[in-house]
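Next come two complexes, and both contain subunit A; in the first it sits with subunit B, in the second with subunit C.
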Partner chain A sequence: MFNLPTTNIGGPEVFVLEFGDIVAYFSPYTAALFVFALIFTALVIVSRPERQVDIAFGGDAYYTKEVDPNLLRFQRFMAIACGLATLGAVMTGDVFNFTLFASMVGITNIGIVAAYRNRHVLNAAFQYGIVAMLATVPLFGGAAIVLAGTGTLSMWELFGGAMAVPLIAKAFLVLGVMGEGMAPFYIAKAEITRAQGAPFILMVHVSSLLLFLRVTEIVISM
Partner chain B sequence: MIEYLLFATFVGLLFHGIHRKVIARVQGRPGPPIWQEILHTLKFSFKQTWIPKTASQTLFVGIVFVAIGIWSGALFLLLSGGSILLLFAVYLLHKIVEHGMGLSTGSPYTKFGAIRSVISAASELPLLVTVVAIYFFTRSLSIADIAAYQEVNGPLLILAFPAAVAMYLVILSKMHYGPFSIIEAKEIVSGNVTEHFGVWRAGIEVAYALKTYVLLYAFVLIFIGALPLWLTLLVMLIILVSLSFVCAVTPMLSPYDTVTIQSLVTGALVIYIVILGVVMG
Partner chain C sequence: MELAYPVGLVVVAASIIIGFTALVREKDDLHRILLTDLAEVLALVLIALVATDLAEALILPGLVVGISELMAVSEVYIAKEGLRAPEGPAFRIEVMDSAPGILALILVAYGIVLSGFTGGAIAAVGAVFYFMCRGHTEQFELIETVSGYAWAFWIGAFFIFMFLPAYWFFAVMIAGGAILLKVMAKMSLVGTMRRGGPDV
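Now for the complex of A and B:
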């Protein structure tokens, strides 16, 4: 219907959803990403976290950590919000909406990590929070340069090849997503200190990875 | 499609057996018979199955189906001549599978395997650079278009040799007993798969067999072109044996060395792409 000119990148359009001048869509590529995000959002909704077995240093004793129900509730809420933001980011057809969803993913990722009451984990969350906040500058800056340079933020227009998107805008978008999606490295730091909540923490990785895959498609297509 | 899926699983498991055999022979050991991995999978299918009491049960089971699902999808993608960008996506999503598998159990060994899988995220970068390099030549990411390009211009293995080396490294980083197999290292028992027993383990073996088949098949399609099935299998076998030699003579690297080497290769390829960009416009 809209003739999305991405035949060689994400594939032809398979579904279109109009919200006024904002047109969300699925190509085979984004549909695959959407399905993956949906599966993990469903897993987050129905899963209970694991109970960690911890080994005491200097002996052969081990114990199983208990799950705090309040922590569980908050982490689950944040993980579901993260899943919804990811779903939005992979199906949107507008660069500004993509940056909004990307920054929302960053915020919810901080929430998932910061829920755990451990000094080392909170330190990791704080450091990630600073990086994520700083990354919003190139992220939204990239979208602003796209608008200033081409007069539109619609991927339908930008993917056509008729408009030259400045290279710096593409670089800023990638840099912004890298900042928002760097969470897994901080999560790894937190996990080493034995933070629990497998399904929720996994959502951080899923969202970051899907954001990265989506921005790769956007940048190559523009 | 189902019959091809079964065929790919069977060949993938057989390739795993050959991989173990070649490593053993290079190291002067007799090694197991080449059908050992097929027997393993069948054995696990009928053994008693349980889920650890400490595990996140839904995730523990669900992740096995996700693993089989994504690699079955990748196989369908190759057969239908789809986009290699989607293949790249599947490869990245496999990281989530490795990670989820390790996190879901509650065991410290699997968790360290999962953390190592995050640390070794650099192994995906050479594949992304490969995708970009191929795009420079073919101006398309469709496997069908890439195969058509090679029929006219010759194999990309020669035209884009550094990209082929990067893809080879990507496959090597996913091989068992290889220098980059830090997530399954013996100092953490079996890493992220330690707690998956019985039919869940059989499911993982099937997914990994599909993964090996898909990656080798993708290498042949992308860098050599569309060949008859028997010749494709032969070339895949030759690539596999070369990988086995590398695995047999190379010790397992430390996690940080793994990341360093993969990042250096990515850096070299980025320079190659910049040169390509300047030369080819």
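Now for the complex of A and C:
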């Protein structure tokens, strides 16, 4: 067994999975987040996308827009991948793995948002992509400063309170996650919450919410 | 290390400020993609500054994530601008007719001598060059199959490392040869992309 300095990590641990010194775990808090993400991933897998309905002004007529099945399939795949990355981010016990999962969420969010052939939406997706790419600088930088300051990346050692994690590293981590999880704001800008494929867009909100909750836990516990 | 790390941090901080200022001032979208790619290099520099074995192992995933984000944003840019592959005759110069055979032969032979990941990359450069210049009529199912078997051999060699450590030399030979084939097969497909054959 790997010798863990902390036996009590963010509440009593429910489940522990060891890969060498990378120890994935569930505390009641992260288990709740995990179940939440799992439910939404399952919803994405089984859901049938809705069609956008346009109502003709001045009459009773309405029509549904055609949805390109290829784009829809791509979007569903990206939404499922986003769900899996979120699952990894909430259960990992390693700071660098968390940053990797966070940037994976960023990449898949770009994919979800970009699966429209609408110029405004693509513009918003592009701006978000730039932000997500820039966010990897503070994200990885934060993890690197944690490693340089304490000599370890394992949350089990960092959460004990014995290690003094530099404040700038915590700030960088929060800043990075803010950049990666910023997709919902760009979606609001592009007004695609009401557009085609609505259930998949939900995944963007869920993943960014869960990322924020998880990074809050990490930063407070360190 | 004691002195180098703070100095490096200061240099990186200055570079980040310069890079982000440039991003704020730049209005052209294509240039902004390039600038963000430069900024991502700074994240890798921050990791590299730690200068331990662990940091070295972290650079590769960081690089992969950076490249995949760059590819995603580039795809969005291509779709956004409605860009298409240029039509017209392919680029041809005389050296592309005479050189491929001998150059590919030398590179592939040298790659096989090196073996391992580096050898695979060098041999693949030869194969990429050959396919780019001469075109291809091969069946890519065969290359894919070879690549798949090579991967299986590579994994098998790791099982030998784990369960029969006494035979480590045998496993090193298997792993070195298999990764050579694997990297070469995968990368040589890159050389065929330009022609846009039916299999790619």
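FYI, the second predicted complex is superposed on the first by the 201 of 222 C-alpha atoms of A that agree within 3 Å, B and C clash if a C-alpha of one lies under 4 Å from a C-alpha of the other, contacts with A are read in each partner's own complex, and residues count from 1 in each chain.
Following the convention adopted for this analysis, contacts are C-beta pairs under 8 Å (C-beta built on N, C-alpha and C of every residue); 3 or more make two chains touch, one makes a residue touch a chain.
The shown structure was predicted, so the numbers you read here are calculated from the model rather than taken from an experiment.
Novice: See if subunit A has more residues touched by subunit B or by subunit C, and give me that chain.
Specialist: Partner touching more subunit A residues in the overlay: B.
Novice: For A:Ala79, decide between first (touching subunit B), second (touching subunit C), both and neither.
Specialist: neither
Novice: May I ask you to decide whether A:Gly141 touches subunit B, subunit C, both, or neither, giving the answer as first, second, both or neither?
Specialist: Touch status of A:Gly141: second partner only.
Novice: Identify the partner contact of A:Arg48: answer first if only subunit B is touched, second if only subunit C is, both if each is, neither if none is.
Specialist: A:Arg48: touches subunit B, not subunit C.
Novice: In the superposed arrangement, does A:Val204 touch subunit B (first), subunit C (second), both or neither?
Specialist: neither
Novice: Give me the intersection of subunit A's contacts with subunit B and its contacts with subunit C, in residue numbers.
Specialist: Residues common to the subunit A contacts of subunit C and of subunit B do not exist here, since the sets are disjoint.
Novice: Give the list of subunit C residues in touch with subunit A in this complex.
Specialist: Per the stated touch rule, the residues are 5, 16, 20, 23, 29, 32-33, 36-37, 39-40, 42-44, 46-47, 49-50, 52, 54-55, 58, 61-62, 65-66, 68-70, 72-73, 75-77, 79-80.
Novice: Give every residue of subunit B touching subunit A within the complex, in rising order.
Specialist: 53-59, 62, 66, 70, 73, 82-83, 85-86, 88-89, 92-93, 95-96, 99-100, 103-108, 111, 114-115, 118-119, 121, 128, 132, 135, 139-142, 145
Novice: Which residues of subunit A touch subunit B in their complex?
Specialist: 7-11, 28-29, 32-33, 36, 39-40, 43, 46-55, 64, 184-185, 187-188, 191-192, 194, 196, 198-199, 201-202, 205-206, 209, 212-213, 216-217, 220
Novice: What residues on subunit A touch subunit C, complex-wise?
Specialist: Within the complex, subunit A contacts subunit C at residues 96, 100, 103-104, 106-107, 110-111, 114, 117, 119, 122-123, 125-126, 129-130, 132-134, 136-137, 139-141, 143-145, 147-148, 153.
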